[in-house]
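Each chain gets a letter, A, B, C and D, in the order it is written, and its residues are counted from 1.
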Amino acid sequence: MLKVDLNSDIGESFGDYKLGIDEEVLRHISSANIACGYHAGDPLIMDKTVEMAVKKNVAIGAHPGFPDLMGFGRREMKITADEAKCYVKYQLGALWAFARSKGVNLQHVKVHGAFYNMAAKDVELSQAIAEAIYEVDKDLILVGLANSEMIKAGKKANLKVANEVFADRAYNKDGTLVSRKKEGAMIHDEDEAISRVVRMVKQGKVTTITGEDIEIQADTICVHGDNPRAVEFVEKIKKVLQSEGIEVVPMGSFIK
Amino acid sequence: MLKVDLNSDIGESFGDYKLGIDEEVLRHISSANIACGYHAGDPLIMDKTVEMAVKKNVAIGAHPGFPDLMGFGRREMKITADEAKCYVKYQLGALWAFARSKGVNLQHVKVHGAFYNMAAKDVELSQAIAEAIYEVDKDLILVGLANSEMIKAGKKANLKVANEVFADRAYNKDGTLVSRKKEGAMIHDEDEAISRVVRMVKQGKVTTITGEDIEIQADTICVHGDNPRAVEFVEKIKKVLQSEGIEVVPMGSFIK
Amino acid sequence: MLKVDLNSDIGESFGDYKLGIDEEVLRHISSANIACGYHAGDPLIMDKTVEMAVKKNVAIGAHPGFPDLMGFGRREMKITADEAKCYVKYQLGALWAFARSKGVNLQHVKVHGAFYNMAAKDVELSQAIAEAIYEVDKDLILVGLANSEMIKAGKKANLKVANEVFADRAYNKDGTLVSRKKEGAMIHDEDEAISRVVRMVKQGKVTTITGEDIEIQADTICVHGDNPRAVEFVEKIKKVLQSEGIEVVPMGSFIK
Amino acid sequence: MLKVDLNSDIGESFGDYKLGIDEEVLRHISSANIACGYHAGDPLIMDKTVEMAVKKNVAIGAHPGFPDLMGFGRREMKITADEAKCYVKYQLGALWAFARSKGVNLQHVKVHGAFYNMAAKDVELSQAIAEAIYEVDKDLILVGLANSEMIKAGKKANLKVANEVFADRAYNKDGTLVSRKKEGAMIHDEDEAISRVVRMVKQGKVTTITGEDIEIQADTICVHGDNPRAVEFVEKIKKVLQSEGIEVVPMGSFIK
């Protein structure tokens, strides 16, 4: 049976500040990327978020970001490979403690925002991330943009990797995402977005913004839980996937 | 053979800011308390400090503090038990990742500064710290002020505990430290300080500021590595302890 | 004609995190206390908040807090008088720059959360705050809990002071607020809350939790803009005050 | 008589962390760039640093940096023009409060580290900085790399500008600094460095790394106070400048 994972970034509140409707989105996803206190999240939030995910049988991953709470980790920072490595280890370890307290293991690591986007194209940064994960726990899965430098770096470091795809984003011919600044970057039609995802999972193909078909491996689909509307869309994707005979399960159950 | 541990707070640099002569003090101590990024330390510093400690065969412990870099964790903060618990877990996990990367285990946890002083007297705070440690790793040793609430909380939580004593501080009749604001709080004479420590280890006794002998268990002695002068004193303590037939070894080797 | 000021804490968002419905509450208040980046707020938020307040003709004040974003400035921190003084100056100056950019002056300073509560009872802390304000700009008004140490400190430092009262809080016989932990601390009935406030303004009196009348000067009333419900209450207070012949105007227009 | 300013970055300590020998370097410079709490410095340090500078009759300027204490403001951050503007205003205002408390005015603004380097080449960033300064206080001098975008932006915004030159750095043909990564980027010979500076001031010329003479205006020379050796060099530069008939005075006294 075909399998795919649905992942979402959660635990992005901080102190008195609330963000996202985590409890809702956790009902539909199979893997949760939990913020680790650098771009979002704090120890109390991490504790509660891990607890909620465990209760809902959602697999847990670390979601390390740049040390930039003010910019929510979305601004490029020119950090060194050594800094990247240590920032990943620090945040991964911090989340590990909460998972361990609840008696569960971490399943994966997916870096956040500008860190993710920079690493997708940067060999050195990707390798630093992969090495950090491997040195801490070589059983963790590295989640990266499908076909990106991150996936290559993960394989090179002997990590298991999960190719991430986006339902609502257009793709370039070389497999990269079309920049949000360009027209047509976002797929606004929900049914189109969903049928694209189904095709990625079933056929391993997607039509690019310029009309060609390219190969793409869809291990995990990135979805959002910012608001009730976004969560409805997650529910919808999940239903269609299941009706198409695709099982939605944590990536750890099928990625070797 | 009598055994005692010598511990020191290290890894307290941050970014471009250097503090302490860690490499020097690591030559003489048996256990290192490494700052975890809240009151001091950052991921790069933690990585280098763990590496140095491992090379010098010094056992490693987490040194979690209040989230107050500006005050170096030395200002009282009225945090809740839940916050205390989560702050300890977060920092402990972060350091764990660096230890794990170097193939070593953590030996102990000792909280820092105002957190340490508040917990020594506060049952609820002490229990929160002990529970945090136990939930993450029940084999870790909790280091606390000898005879304090922290020691009681550690035992209650079924953790191994290490009673910490101070060579350069005077004691009250109830076993607490004489406040630094009071006259006679500091033992300035080095030879007196050392002979007090030797007596604590050998006889389990110390003379208080008011002249009585009280019982005190000395599992680990707190020493400083701020400057060359401080490190010389550490060297001196170690030599005298050894000449008195007391072996200086990591607390993990004798605390059950 | 009787005059009173309505003040509210605004600009408490941070980065991507939104808090409060500032634009709504600004329609009804006469003075705004704007967060300055320590317990809440950031430079972008401060800029937008000052701009909104200016457009709505609301007088602007600085709202300095403890350096504790994670705790929203609501946790007691044992800072020194010197630290208090410098923290107030820093935050006051930061907000001044945004006011100055829009061509307006600051009207007042009101410290936030735990800083406010600690200073209300602490002579030394209150004097540090008052001196900080005086040294930066002696024309600013110090807002403090009516009858508290802050009011005394402001007068002693030759500052203009505004006595702040709370519509929804019960008072002790000595003029202090009843702790929120005690029963009866909050006045839940809106009409009762409003008629208490009207009496404070008109007669300078309030009935305490133990039934006596005490004297209280009401220069400015603290109101909240957290949610639509809270804002409706502000609108209601304002209407009743006006119908009672009390003008709602910025404190700067009547405090000498 | 020819005049030039000697400026140095000071007040870069933080909490318990000490950096630089500010008191020493203040004896020799005419203008101080004081860190404002984002990349370095804190309110207590700012207060003491302003006081020291005032006592030594050194003119004071704000030294705003990126919000990156961990990276000491030396890492590129892709901030927007709006963020740049607000970050400059915030930090400038914060320092203003301390200057105002001591009865002095700020003389200038010089952004720090990566902010400085990025702005030197970036029109939009430079204009944001210049506008921020102008909107807060149009009498302030903008200090920027000689011939850079910052100087152009300052003039465009109707600010007074000070062209900054470096004694120990090689220049490219287009007036930019040779990257530190390239050979020959640093002028290690002290006498050569000093005679280059004297020529810049007297003739408005400097020989580039490729041997040509280019025009350069030297209003202020950047010097360092990190260690006793650096301070000796500052003293030496100052003596040679004076013996060459060049007066070392705050830029504010001759820049119109």
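The rule is simple: a residue touches a chain if its C-beta (ideal position, glycine included) is under 8 Å from a C-beta of that chain, and two chains touch if they have at least 3 such contacts.
Only a predicted model underlies this, so the values are computations on that prediction, with no experimental measurement involved.
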Other chains in touch with both chain B and chain D: A, C
Option in B-C, A-B or A-C whose residue-number contact pairs overlap B-D by over half: A-C
Interface residue identity across copies chain A, chain C - same or different by half: same
Between chain A and chain D, centroid-to-centroid distance (C-alpha), Å: 43
Rounded Å distance, chain C centre to chain D centre (Cα mean): 39
Set of chain D residues in contact with two or more other chains: 42, 70-71, 83
Chain B to chain C touching residues, read off their complex: 67-68, 70-71, 75-79, 83, 114
Chain D - residues contacting chain B, complex: 14-19, 42, 69-72
Chain D-facing residues of chain C, complex: 37, 42-44, 46-47, 82-83, 85-87, 89-98, 100-101, 132, 135-137
